[in-house]
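Note that the chains are named A, B and C in the order they appear, and that numbering of residues resets to 1 at the start of each chain.
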């Protein structure tokens, strides 16, 4: 495994093996000094063409806990603005000695392009609407941890609710959940489903109420306010009424139904209750597991077999 | 001691004990390799909602000298701008594993709110006009060092001059200086005094000249140019004439009168002489002591008793 | 050697000695863990008044490989914007404990001013059109490495092509190349030559074609698009025709002619072929050597004689 550009680069065994490695990272993170020298001297460079403090901090924390050096390449102030091509930028930074690039970009496919131009590993931290593989891995880890599903998700019912069309999280999650054997239902108004969903290993529904109480995991996507001005939804209030986690729906959730969200939450829109009052809320665990999963990915790509011992 | 949100969280003994710990940090900073492993694996996150390169660099240097990891959360590029609540932001970053938040915010009280939402320690690096406790500690340390006052400030006369109303430095300094026994006089035009000063352990004066030569410490506050357009002062020139450290007043200062300023200085306004020519100038020592004091605070909040040995 | 503000602070022996030290750094960079503790506890502060991701990352990587701490002072958000003088800013940051300042500034001479105000070493990372000494050193190292010229550049023919007038790279390179014995020709339209070139150890030419195939090194400068609106060149197309590395000229280059560029390249302007297809292309090696040269400079200024052993 050289890169992690898409969750499709992993089969079920590959996902499960990374989740096992994550167990080890969770153990490290619980130590009084949560730091190991496993990646000392490795150089991880974050190139975020789209801002994401949350994801950048998570990767940065993960790299530091493995003693890698981390540098952030701020695109706003870079040669990209002086007309340099992306390829020249990458080749230049690579020449300084980079072991892994963590890339976020608004265009789908950029991590693949970049991996053609560099010897370093490329980790996709989100490309357009396309992929966000470490999010899918942390979501799998969180479900596995909360439901004790070490062997896979066979028979598990997961609903992903919201703006599927514009969501790289949904695309990556669908692939990972299905690879592990879960039964996934996408719940969204037709305007927020991708134009062609044929071939996706999912069912679709527009009736959230019929699923509440019947699924093991309710995964809410962030509803971007811009979608209203784009006329993809009539209003945020109507969206909440039909697709939000309202107090009424929260009451009908089983105590064991996990409630998940990739953050940042739009409170009052996709989630109209305080998630901290829900028994199955694991939203904060998702964030915590994100650091451990990214440690596992960095170690898998850059580490030596026995250097965690 | 879990947080340092206000200087009021410390009594005189608590302040003196931190100043003694600072002595130890000053000794570390004088070593050829000024770095100890005391906070290895601890994660300090700076969240500066208001810019302050000076204070951020000081905390960052302090954390690195104790071998803590430091990350800066740049609010300009964060989820705060995507409509996420401050509480969700803090809980999210906290979930990545934070031991201390260093917070600067334009609103008074934010560090208290934040400490309700996190298990991490909260250090107030300035909240509105309210508090800046590490500034007060570094000011106390600088006076103690320069005047050999290890036991406290009993009988010491300190004048704080300038825009008291809008100054968190003044509020914190008054409390710390008074707790240690100093006699504090605030010198300002009435428009730059807080509306209600009743209960403050101070005297007030509008006559700087009557104090020059009689005080042990002359503490000049930064005069923000905006105050003129707000009509709080008639003009910067008149402000300097009445409340600035002019050449004439500098001549009348005793050689042993300390001259202090929290920076950044507005030369020609509150200070119309070159401070480096004043015998009692300790402005640069204040900055240097700031690193040592912040090391002491970080160690007090996050360290183990014997790990400095 | 206390500062590196200009290449003129080094004579030929000084340059050659730094290039030998760079050999050692290249060896360190080739190790599985490219990191040595030589500068542990040293504090390097980047102050970039002009943006340059490329140069900043290079210095940051160099410092981290020697285990120094690095902090970046972002001028956009600093007290410089609150009206503080540059001198007060430098003295303040210095007081926090700085061993070296790496300075980039749009005005010539600023690194000299700064070195008057601080005990720290000052490294000029580019001041206006004036100097960029580490660029000259990495260019020398790249030529020495590619052509096996350990003893100097006696008899070597180097053409520097393009906007000499506005180029700190050209000024520094001319001095370094000439100090090592090379014969330098500047190739540019008269509008892009400095007003007075008397005393420079160079020839000038407007005829690139007569030199192609006869020089050992073809050094192309970045052509800034602004020069056209300033009417210094008639058009970018005509510039390329007369001074660019076109396919035709590339064919007439000897296989052993080195092609160099300080980056970022304006493809299609000063270089209208893909440099990766040229046998003598060393543009990427320049970047890689930049890290090693900056390690050598930092170690020379801050290190102890035997701490690399």
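Some observations on this one:
Definition applied: contacts are C-beta pairs under 8 Å (C-beta built on N, C-alpha and C of every residue); 3 or more make two chains touch, one makes a residue touch a chain.
All of these numbers come straight from a predicted model, not from anything done at the bench.
Without chain B, the rest of the assembly holds together as one piece through touching.
In summary, the pair chain A and chain C forms a contact in which the copies contribute largely different residue numbers, shared numbers making up under half of all those used.
The angle of the rotation carrying chain B onto chain C, fitted on C-alpha atoms and rounded to the nearest 5, is 120°. Measuring from the averaged C-alpha position of chain A to that of chain C gives a distance of 41 Å. Within chain A, contacts with two or more other chains are made by no residue at all.
Interface residues of chain A facing chain B in the complex, by the touch rule stated above, are 29, 31-35, 51, 53-54, 57-58, 60-61, 64, 225, 263-267, 284-285, 287-288, 290-291.
Of all residues in chain A, only 40-41, 43, 45, 69, 71, 73-74, 77-79, 82-85, 88-89, 91-93, 95-97 touch chain C in the complex they form.
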